[in-house]
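Residue numbering begins at 1 within each chain, and the chains themselves are lettered A, B, C and D in the order written.
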Amino acid sequence: MIAVLKSGTTDKQIENLSSWLKTQGLDVHLSRGSEHIILGLIGDTSKIDAELIESLEIVDSVKRISEPFKSANRKFHPDDSVINVGNTSVGGNIFAIMAGPCSVESEEQVMEIARAVKAAGATMLRGGAFKPRTSPYDFQGLKADGIELLLKAKKETGLPIVTEIMNANHLSLFDEVDVIQVGARNMQNFELLKELGKTNKPILLKRGLANTLKELLMSAEYIMAGGNENVILCERGIRTFETYTRNTLDLSAVPMLKELTHLPVIIDPSHATGVARLVKPMAMAAAACGADGLMIEVHNDPAHALCDGAQSLTPDAFAGVTRAVRRVLSAISEED
Amino acid sequence: MIAVLKSGTTDKQIENLSSWLKTQGLDVHLSRGSEHIILGLIGDTSKIDAELIESLEIVDSVKRISEPFKSANRKFHPDDSVINVGNTSVGGNIFAIMAGPCSVESEEQVMEIARAVKAAGATMLRGGAFKPRTSPYDFQGLKADGIELLLKAKKETGLPIVTEIMNANHLSLFDEVDVIQVGARNMQNFELLKELGKTNKPILLKRGLANTLKELLMSAEYIMAGGNENVILCERGIRTFETYTRNTLDLSAVPMLKELTHLPVIIDPSHATGVARLVKPMAMAAAACGADGLMIEVHNDPAHALCDGAQSLTPDAFAGVTRAVRRVLSAISEED
Amino acid sequence: MIAVLKSGTTDKQIENLSSWLKTQGLDVHLSRGSEHIILGLIGDTSKIDAELIESLEIVDSVKRISEPFKSANRKFHPDDSVINVGNTSVGGNIFAIMAGPCSVESEEQVMEIARAVKAAGATMLRGGAFKPRTSPYDFQGLKADGIELLLKAKKETGLPIVTEIMNANHLSLFDEVDVIQVGARNMQNFELLKELGKTNKPILLKRGLANTLKELLMSAEYIMAGGNENVILCERGIRTFETYTRNTLDLSAVPMLKELTHLPVIIDPSHATGVARLVKPMAMAAAACGADGLMIEVHNDPAHALCDGAQSLTPDAFAGVTRAVRRVLSAISEED
Amino acid sequence: MIAVLKSGTTDKQIENLSSWLKTQGLDVHLSRGSEHIILGLIGDTSKIDAELIESLEIVDSVKRISEPFKSANRKFHPDDSVINVGNTSVGGNIFAIMAGPCSVESEEQVMEIARAVKAAGATMLRGGAFKPRTSPYDFQGLKADGIELLLKAKKETGLPIVTEIMNANHLSLFDEVDVIQVGARNMQNFELLKELGKTNKPILLKRGLANTLKELLMSAEYIMAGGNENVILCERGIRTFETYTRNTLDLSAVPMLKELTHLPVIIDPSHATGVARLVKPMAMAAAACGADGLMIEVHNDPAHALCDGAQSLTPDAFAGVTRAVRRVLSAISEED
């Protein structure tokens, strides 16, 4: 960590600051220029509050050299983390494909979709029981009943299930859920993250609409600092000025995150683009740039128009996606 | 609400959709062009899920003409709402000035600041007891003890207090708190909003870093739909590419929100800019464009360097801000 | 095009507007609701100024149903455009790979790189002679001399050359240049676009840092409206809040543009990410989602540290990229 | 300027780099930590290419401490610049109000508006003769004829005129124009900036839609480096995700720019918001936070619906704005 001090800083002030920094367990290296004084802070700075130092009157700016995340940092954990989920895993050699409906609507619906996505090669079933909706007047999900239906589908198909939590008080309902999802809007709901850190469940953490990769990793750190290291990161599009797509899928997040952290990284092309026609090409691109898996919305009943979501694929279209993705994965695994 | 249908849509499909829409209580007007078919949906569309309709295979796009918020809508509530807070109010004739430290640190600190901001013209005391921090390793606030200290300061100075909630399970700690703040990161924590909707406390709802004004109003609607109409909106900067300021203060949100809603709107120039030197000019600008109040960070102890936050004002500087703001308010209240 | 009129609009005003719209060659369909009046405007609206209509006092909002671009619109030109460039092409069956140095620095440098990228499978040589730099004090390129050096490299290797124009007055220098590049900062330099529309040179048009896909297509339309239909679109990253990468590469632009337009679309992963290590995975992702080609920065002299740009690949690393990209292209071309 | 070197860097490499930096006129201070090596570069770094240094293989990152702009830097020019414009000025004691139509349409129109805005207190007449339009099919302005009409209005009213240039080849048409405007889309049209740097005309430089304040100042630097120090900066809204307003007006740019530079800063609330109703409150806010002036769109003929632009004010409404702004200016000029 580097602290740049203002030019008028007195020796006494520098000494006071240096002493305080040393009590925080850091070595302090002073470098004095004609206009600025630079303090190099050496040691474990991951638990130092950079804003606090930057707020000092004599400090011009603070720059981290080491990243502020520790448990998630690849530097201290060079090997890829593999998160075991039921009979499968995320990270490592298995390419995870989580598929299913945006919302669980009925037993018939979820069963039919579960069978279809399993047949098409999905490794897990996803489905929303608690639905975060912008409007209080929109459908909020089947809640506990939705989780029951997912568990029935799990029982029949053997697919582990992934579903979103919105409130730590609901945790008991998630006992048999395999992966608990934290949605984009709750990425910085730190109270929820802390509670999830006390469980040993795999947590699928979605990047917020306006959150940096560093903030995503710091939110993972909240969960890991509590003792739960089973975190799966998910890029699902960020908010920009572009309007043809619902969000802008930031695929460069995949290789960048893989460099920064040992945690697995998956892509949700359905929410990222909001356009079913773009799901296949973006799923292929995600596989090509090194993602550990995908989360894709699939719906079963195109005849019943009200359920054919703008971003949902039919089971047939989804099968086409998995075949294309497998071809890409096979191509990139060939020796150079 | 207008739904544009795709060109190949059959009469049968149009009839099916129209019938369904009529069961939702809407009148449907058909307009047929050479390339597109347009359905005008007339009636109360605020509780219609536009995304659901847009997701229909035969629908090209859906455009709302009426806004999706109802309780917060000025159209159905032309007069400004005045939110009573202890012996003062927000909205109406009183210009609210909420001031105090970012974090409550000690009894001495909060008492001294409370006295100082009261003397300088603050109408309420703000202070953080539960602190949302990006890093789990940063100071998380004094929590329940922090609220106790704020209540002591309230008792002595008579200033109503404003402090942030991060978890609905903590609600009992907020019994004597006058205004409960929902932070930017929790603006779409819908579970928290629903719980706050069951109270009758004034809620200060901050705009999220990447949330539109419409989303802010929909989050207010979550609280109001639960029965609590005491909502104060707060613009505190949005996230953009600019780096000289921490966020970009969107002051045009003030007159735009005042047009859309009857709820009061206040500005937080401290978090918006992250730079103490910019607080005064932006506070004056907020007053000039019609804000109902301000929320400003003030700290008491510039000698103790670690507390002179980059965005905090000293009590003296804060007094200069209130004097300048009063001059602006006086100027704009003159008859034209 | 749909115009929504305000509720108080009188019959006389509606008639006046309808009459005027009819003189613009449009049919007008009226649909009257309880709160709004909707005009459906049928006919060729691509040359109608929507902002002008929206600015009318009686008009609430205007929504285009047809896109405002015509020459670039796939609807009126269903087949992919193939842009012939010397002995090769962009679009169609050939995957274009444009590679070379950010700046042309010397004859030795450009010759060595040209030979290396040709050997590694590049189909064109790129190199900057006129360099747009944020600072007037930074190196501005070798200008005319740089173009001379590129032409020498073209003569020896047979690779067509791509280089950027910043000023229409320089056009005579570009006589033997094969593809003229318009940089991101000049995407809406309409005067330059008009001049390029008068030539018959292939134009590589880069998306601006904060420009929508619609604006990119409207800028292509400026060139095409002048008679030059040889336009190649290039996504090179947009500006967001993320800081780990220089820009955010919007790969969903590829399938979205391919749907909207018949023009070829290429990707520049070097400028998009600003990080050499991310070029290979993003190049593979671009190939996987249907891009027609790539533009990649390659530099020859890693021993001479000052030239090993943060985003430039060595010729060896570049050869690794082309091999990986070829494997992806081969995989996605297999029958389903 | 600080350069952080990677941990594996050898002494030989450090020495090579240090030697090269010294040839650039810099002193180099070395600070060696356990994980990183830090070089403090002391001297005039404003003409150093930070990207070039950052691109070195051994360099992890580079951070400027001094700003890269020099002529525009308040540090080297503490007093406010006053730009003389005909019989008035921008900066200093006069609050500049530039008003007029978005486009010059006819002699009658421009004359009537010129008289009206003068009567209402405008200090200059603005009007578009060359119009940058997103679509090639939209009205592109009256061009040279438009400038003639503005000059007639200048002759009658005595108001200096401000109008936009899009092409340096048109410069001879601007001989009698008082202030030449560079539009947002041309803010980084460096070739145009260089040509304007050779003139001695006041240049009104608008901030680009996605440009940082630093980039705006670097573009001013392009003009000033050519010898023309008469630059007026204009904030006119930046592009964000918000859709209720056309752009997001960044008013904190005013006090931030006033701190960084001695150049005057004005605000264009018309383009920033795109909504006529927001022009008055945002003009008042601009005055309150220290802007040196305003640029406002005014149109004369509300009866002729096609000209009542969504963001244009009637002369009467404009007179209301100037009165309100004068009251704010008077209030903020009072002693504290």
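Points worth noting:
Keep in mind that, in the parts below, contacts are C-beta pairs under 8 Å (C-beta built on N, C-alpha and C of every residue); 3 or more make two chains touch, one makes a residue touch a chain.
On a predicted model such as this, the values are computed, not experimentally measured, just so you know.
Compared on C-beta pairs in contact, B-C and C-D come out with C-D as the pair having more.
Relative to subunit C, the most remote chain by averaged C-alpha coordinates is B. Averaging Cα coordinates per chain places subunit A and subunit C 31 Å apart.
In terms of their C-alpha centroids, the spacing between subunit B and subunit C amounts to 40 Å.
The geometric centre of subunit C is 27 Å away from that of subunit D, both derived from CA atoms. Counting partners per residue, subunit D has 210, 239-241 as the residues that reach two or more other chains. Remark: subunit D residues 13, 16-17, 20, 46-47, 49, 51-52, 54-58, 68, 132-139, 166-169, 185-186, 188-191, 194, 208-210, 215, 218, 221-222, 225, 239, 302, 305-306, 308-312 touch subunit C in the complex. On subunit B, the positions that touch subunit C within their shared complex are 2, 4, 27, 29-36, 38, 40, 42-43, 60-61, 63, 65-66, 239-241. Residue ranges of subunit C in contact with subunit A, taken from their complex: 210, 212-214, 238, 240-245, 248-252, 254-256, 259-260, 272-273, 275, 277-278, 281-282, 284-290, 320, 323-324, 327-328, 330-332, 334, 336.
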